[in-house]
Amino acid sequence: MDVFTELIQSSGFAGLDWRNIVMFVVGGVLIYLAIVKHYEPMLLIPIGFGAILANLPLAHMSAGVGAEPGLMQFIYKHGIKTEFLPPVIFMGVGVLTDFRPLLSRPFTFLLGAAAQLGIFVAALGAFYLFGFSPHQAAAVGIIGGADGPTSIFLASKLAPELLGPVAVAAYSYMSLVPIIQPPIIRLLTSKKERAINMPNAKPVSKLAVILFPVVAGTIAMLGVPSAAPLLGMLMFGNLMRECGVTERLRRTAGGAIVDIVTIFLGISVGATMTGESFLSLATIKILLLGAVAFCFSTAGGVLLGKLFNLFLPSGKKINPCIGAAGVSAVPMSARVVQKFVSEETDGKVNPLMAAMGPNVAGVIGSAVAAGVFLALLG
Amino acid sequence: MNPENLVLVCATAFTAVFVLLTILAVVMDLIMRVFPKTASEGIKPRVRTGPTAEAPPPQQAISTSDPARIAAIVSAYRQLFPDKYVVRIEEISS
Amino acid sequence: MDVFTELIQSSGFAGLDWRNIVMFVVGGVLIYLAIVKHYEPMLLIPIGFGAILANLPLAHMSAGVGAEPGLMQFIYKHGIKTEFLPPVIFMGVGVLTDFRPLLSRPFTFLLGAAAQLGIFVAALGAFYLFGFSPHQAAAVGIIGGADGPTSIFLASKLAPELLGPVAVAAYSYMSLVPIIQPPIIRLLTSKKERAINMPNAKPVSKLAVILFPVVAGTIAMLGVPSAAPLLGMLMFGNLMRECGVTERLRRTAGGAIVDIVTIFLGISVGATMTGESFLSLATIKILLLGAVAFCFSTAGGVLLGKLFNLFLPSGKKINPCIGAAGVSAVPMSARVVQKFVSEETDGKVNPLMAAMGPNVAGVIGSAVAAGVFLALLG
Amino acid sequence: MNPENLVLVCATAFTAVFVLLTILAVVMDLIMRVFPKTASEGIKPRVRTGPTAEAPPPQQAISTSDPARIAAIVSAYRQLFPDKYVVRIEEISS
Amino acid sequence: MDVFTELIQSSGFAGLDWRNIVMFVVGGVLIYLAIVKHYEPMLLIPIGFGAILANLPLAHMSAGVGAEPGLMQFIYKHGIKTEFLPPVIFMGVGVLTDFRPLLSRPFTFLLGAAAQLGIFVAALGAFYLFGFSPHQAAAVGIIGGADGPTSIFLASKLAPELLGPVAVAAYSYMSLVPIIQPPIIRLLTSKKERAINMPNAKPVSKLAVILFPVVAGTIAMLGVPSAAPLLGMLMFGNLMRECGVTERLRRTAGGAIVDIVTIFLGISVGATMTGESFLSLATIKILLLGAVAFCFSTAGGVLLGKLFNLFLPSGKKINPCIGAAGVSAVPMSARVVQKFVSEETDGKVNPLMAAMGPNVAGVIGSAVAAGVFLALLG
Amino acid sequence: MNPENLVLVCATAFTAVFVLLTILAVVMDLIMRVFPKTASEGIKPRVRTGPTAEAPPPQQAISTSDPARIAAIVSAYRQLFPDKYVVRIEEISS
């Protein structure tokens, strides 16, 4: 009987409080959304399971500021705090991203810039309305960049205490793009605008595709040096993709490396979600601000498209809907725009390729925004 | 810069994003003018269904292929396979 | 001539003593067993080669407590001492393990528990008969869990000075399962018992298979929090396997990651086997105790099967032979039982699936045992 | 607990293993009762020879397939290919 | 306007000096050579891009002695300074190398030794003519070993400040082997010597192939213990290749692991090439000495071949051209010899297999040379 | 050893390389004499074009295959495909 008592006391059941149980539910919900709703499963499965691990009393499986040493904290400390894993994911993103749609319509760079609007709206809202510190506000705002690794990178530097909710918000809303974006696009565009066809794309030479990561990468990193870890690895990955002579590196960088890093990044980010830190008013604020950020980013892209049309001759007007794809959330957002426009026009207008332009520009846009935040606040 | 002045920080950041992406647009446009796509690079509009993680290449060489036809194919395809998308249309001239 | 002398003196030939040479033979024997006898080659090839490296005088290629800095010590220090690599292997085990046979016959959980008997018999023997310290005794006992990464994990924490012989014993006896188990099963069962057919298995829903890693994992880690690094990663890997939405993570976690970790884990564990530490009476005791542990674990599983039958109605009796598969050594032990029973019954009874149940339960069982040892002794 | 008392440590550990695995058995049994295998999940007894590192799935949907027949196939197969094993039997109803 | 000024000042454009721009060109040239001329693209693409990254002002993307903390310095510090990544590449080299051509003509071991001549000529030249320190001279000399990872390994230990130029020289000249070697071979051999056919090769048993990494590896590491990290991993990789029972480890070690390490090794070596350190007279000297080293190594191999022929009976004479392949640069150099001889003899003599012998011996040869340098200077 | 005396260092190193590789040659030669290739290891001259990163295996079992013929095949092949090389020649005796 004595043995049995001791067994129970040294178990995690004794230390369990309601917050742990709520977090088991949160983790379970994330896993459910990943499996049943296909919400970014590559990230939400590890994050959800990590959230469960983090809330096991006495298991030392949580990570983040002040966490006790353990497996998850080991990964967090060596992979995230060192700012190593998110740039490596970006290398994989570079390998997997085709920038041709962007190059074939260079004006879509600007739509990708406009669609970062939500970052700043949310950051200001977080600071002035919700009382977050400037550093925290920037980390919350970056959710509007609709880019997971950028959010993790910035949050882990500026406000590691918010890493969990920021990452969850970023990946959740990226998955909710098909629900968030269509009403906003519909609200801001007229039937006629949605029907604008834009078949013309510049031919893109192989040389331009290869020069892009080197030249555009160098200029962007000169412009915002603090974004170099993200942009440098993104462009390096893209160079491996396009150069045509590093096939095996390309395959591994876009395959095994991305997978390995995703697994460890995801589970250790999830493991920052202890009930103590996650179950707070701040998390609810962050989820709210994240939704606001996505909405304003979507609107920003669409509105710049409309602004363009004020100055463009009638034959060259662009379909403002593609601006919404500038939030990034590659390639989900571009597909949402394609589906929306195609349905609105009975399949006559199909701007998928045009929407891929701002879509990939948005990846660069939010990395640049993160870089400026780091430079001015870091 | 005083970090408390987040309005200025955000304005700077948004400006930086715009300025930088505009520069990139101009530079890349210039590069494509200086090094245009040569004939030898091949004119091959093709359709292929790819993995969803990878962004599709743009429609190349529109001149040889009716964009309406592409749109029709793309649209029809997406009706049938909503979770796939068309990344290449390969035409066999007959 | 002077140059030549200096050359010889700075070489390893000068520092060679008999123990190094014996260890070269030991390493060679392990490699021979791996190649010719197919004894766990994925581990014994790296361990055997690591044993050779460790015994090269002046090469600084040994690892473990008090080893000089060098390549192997680097891997050991960052991969094993940090308790990182064994849990990662467990993630791969989770990816590669199908728990359906266990779920379809839930009573086999208990057979997997009983077949950990040898752990405790060997631990007690090590302590009371052979004079090992309690920590060392636990590390030696865990060999009876027939699970390599669990043995490495526990030994590296409780008795790193015994890591080499413990790992060698664990992997060697796992390979010797086809020789160790049949006589014990034959001794403990009657012809009639061996002929019991048990075709009935519950159908297992996909949902139950997905809930298993989450629910059973959470309960197990709550029960024994110190087993969380092993059980957490095992269940995480199994969730990636079964959830159906993380195919590429599953493939990499069960492929490249397992391979990478196996290579570095194996060679650095092997590199702990310096002649000085390995060639001692302790190693012989450990090898002896390991054999005892495997025998008692086998017996434990079989005897619980027989005990079950005392209470089961005649139509529902189980084949006690499958209890032997509870030692784990997945999937070797289940196949040994299948082969044994099939041969004893002229192919009429084939309990492979039934034996896979205790087989995979044994993996959980020995991880739990390791966790309790850590909690009470760590 | 005094670590010197290894008998107690071992007894505790063995008890823990038993208690915990019993709980898991009960819980999983409960889960399978609450969420039974639905008809739509498919009844497809199949045979496939797989890599030996991966544990085979259990015989599913026994009702539609004579277990003796499975055993016979498995046994025969193993005679022929001792280092392979049967993990799925695919039946084509004729 | 104030915002814009601040933006410019915090950008890298302000800090740009001419050396950075020259290094952008150098990086671009390396990338160009990789893509257009196929000069070792697996290494020169990462090195070239790393050179660009290193020269971005304020981006903290440089690596090496005295570099500020950042992503590249993180990789350099944990991967190169720890002497971890180069041996891991060597494991991959071992997996990818077939030593049968060497075993089938054991005398080619000696040609692989002779073709290390350039190492010592260049080292002495660096010390006595160009004023490098002994440590630096050894690091420069090793370029003549025509082996990238060996050069990186030795340079990072003896003269990390020269790592960038040494690595660039090693990989560049390896790519220039088709240009460097033929004139030297032609100069040193007669038409008649080039036409010597050597069809006879000893049959090599599977057992000998498996014993090679174990026995030859052990002897070599006993002989020069400080070469053990390189030779040990080379032989371990080769054992995984040949043992026949670790297929999946072999595939991953020769695939994903090599690729991962190549990417991180390459980009961080490239990131040591800041304008400040690279644009110096030393770099020009190193490039010059590297060329000299390759020439002398080529000559060394050929001349030993000719020396052999003085003592060999007429029917057993060897084709001295194959000695040139002893520089290593596997398998480029062996193919250069094959092409040269085949063209000189109108396709009648094709010594590809014979040339693969010294070719792979040269890998061992330069690793041994590096080990002796480490032992005597390290 | 005085590191300043780089001549001696280099001489030692070059000697070490020679001595060590000679020992390896002798030992491996010995091993091949003690464990010669057995008939059961198969006599199978084959041609295969492989990835360039991997060194080709040597011509095995020369006795059954005319080396001149191999050379001719290799040479012809390289004319046609200069970036590939012959690593195995598979003969079908007819």
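Chains: A, B, C, D, E and F, in written order; residue numbering restarts at 1 for each.
Methods note: contacts are C-beta pairs under 8 Å (C-beta built on N, C-alpha and C of every residue); 3 or more make two chains touch, one makes a residue touch a chain.
Predicted model, so just to flag it, every value in this text is computed and none were measured.
Note on connectivity: the fewest steps through touching chains from subunit C to subunit D is 1. Matching the C-alpha atoms of subunit A with those of subunit E calls for a turn of 120 degrees, to the nearest 5.
Averaged C-alpha coordinates give centres for subunit A and subunit D that are 40 Å from one another. Separating the CA-averaged centres of subunit B and subunit D is a span of 50 Å.
Multi-chain contact residues of subunit D, defined as those touching 2 or more other chains: 1, 11-12, 16, 19.
In subunit C, the residues that reach two or more other chains under the touch definition are 7, 223-224, 256, 376. Of all the residues in subunit E, the ones that touch subunit C in their complex are 82-84, 87, 91, 210, 214, 217-218, 221-226, 228-229, 232-233, 235-236, 239-240, 243-246, 248-249, 251-253, 255-257, 372, 375-376.
For subunit A in complex with subunit C, the residues that touch the partner chain are 10-13, 16, 24, 28, 31, 34-35, 38, 41-42, 45-46, 49, 52-53, 56-61, 70-71, 74-75, 255-256, 259-260, 262-263, 267. Interface residues of subunit E, counted against subunit F in their complex, comprise 96-98, 100-101, 103-104, 106-107, 109-110, 112-114, 116-117, 119-120, 123-124, 127-128, 134-135, 137-138, 141, 197, 199-208, 211-212, 215-216, 219-220, 223-224, 330-331, 334-335, 338-339, 342, 347-350, 352-353, 356, 359-361, 364-365, 368-369, 372-373, 376-377. Interface residues of subunit B, counted against subunit A in their complex, comprise 1, 3-4, 6-7, 9-14, 16-29, 31-32, 35-38, 41, 52-62, 67-68, 70-72, 74-76, 78-79, 85-86.
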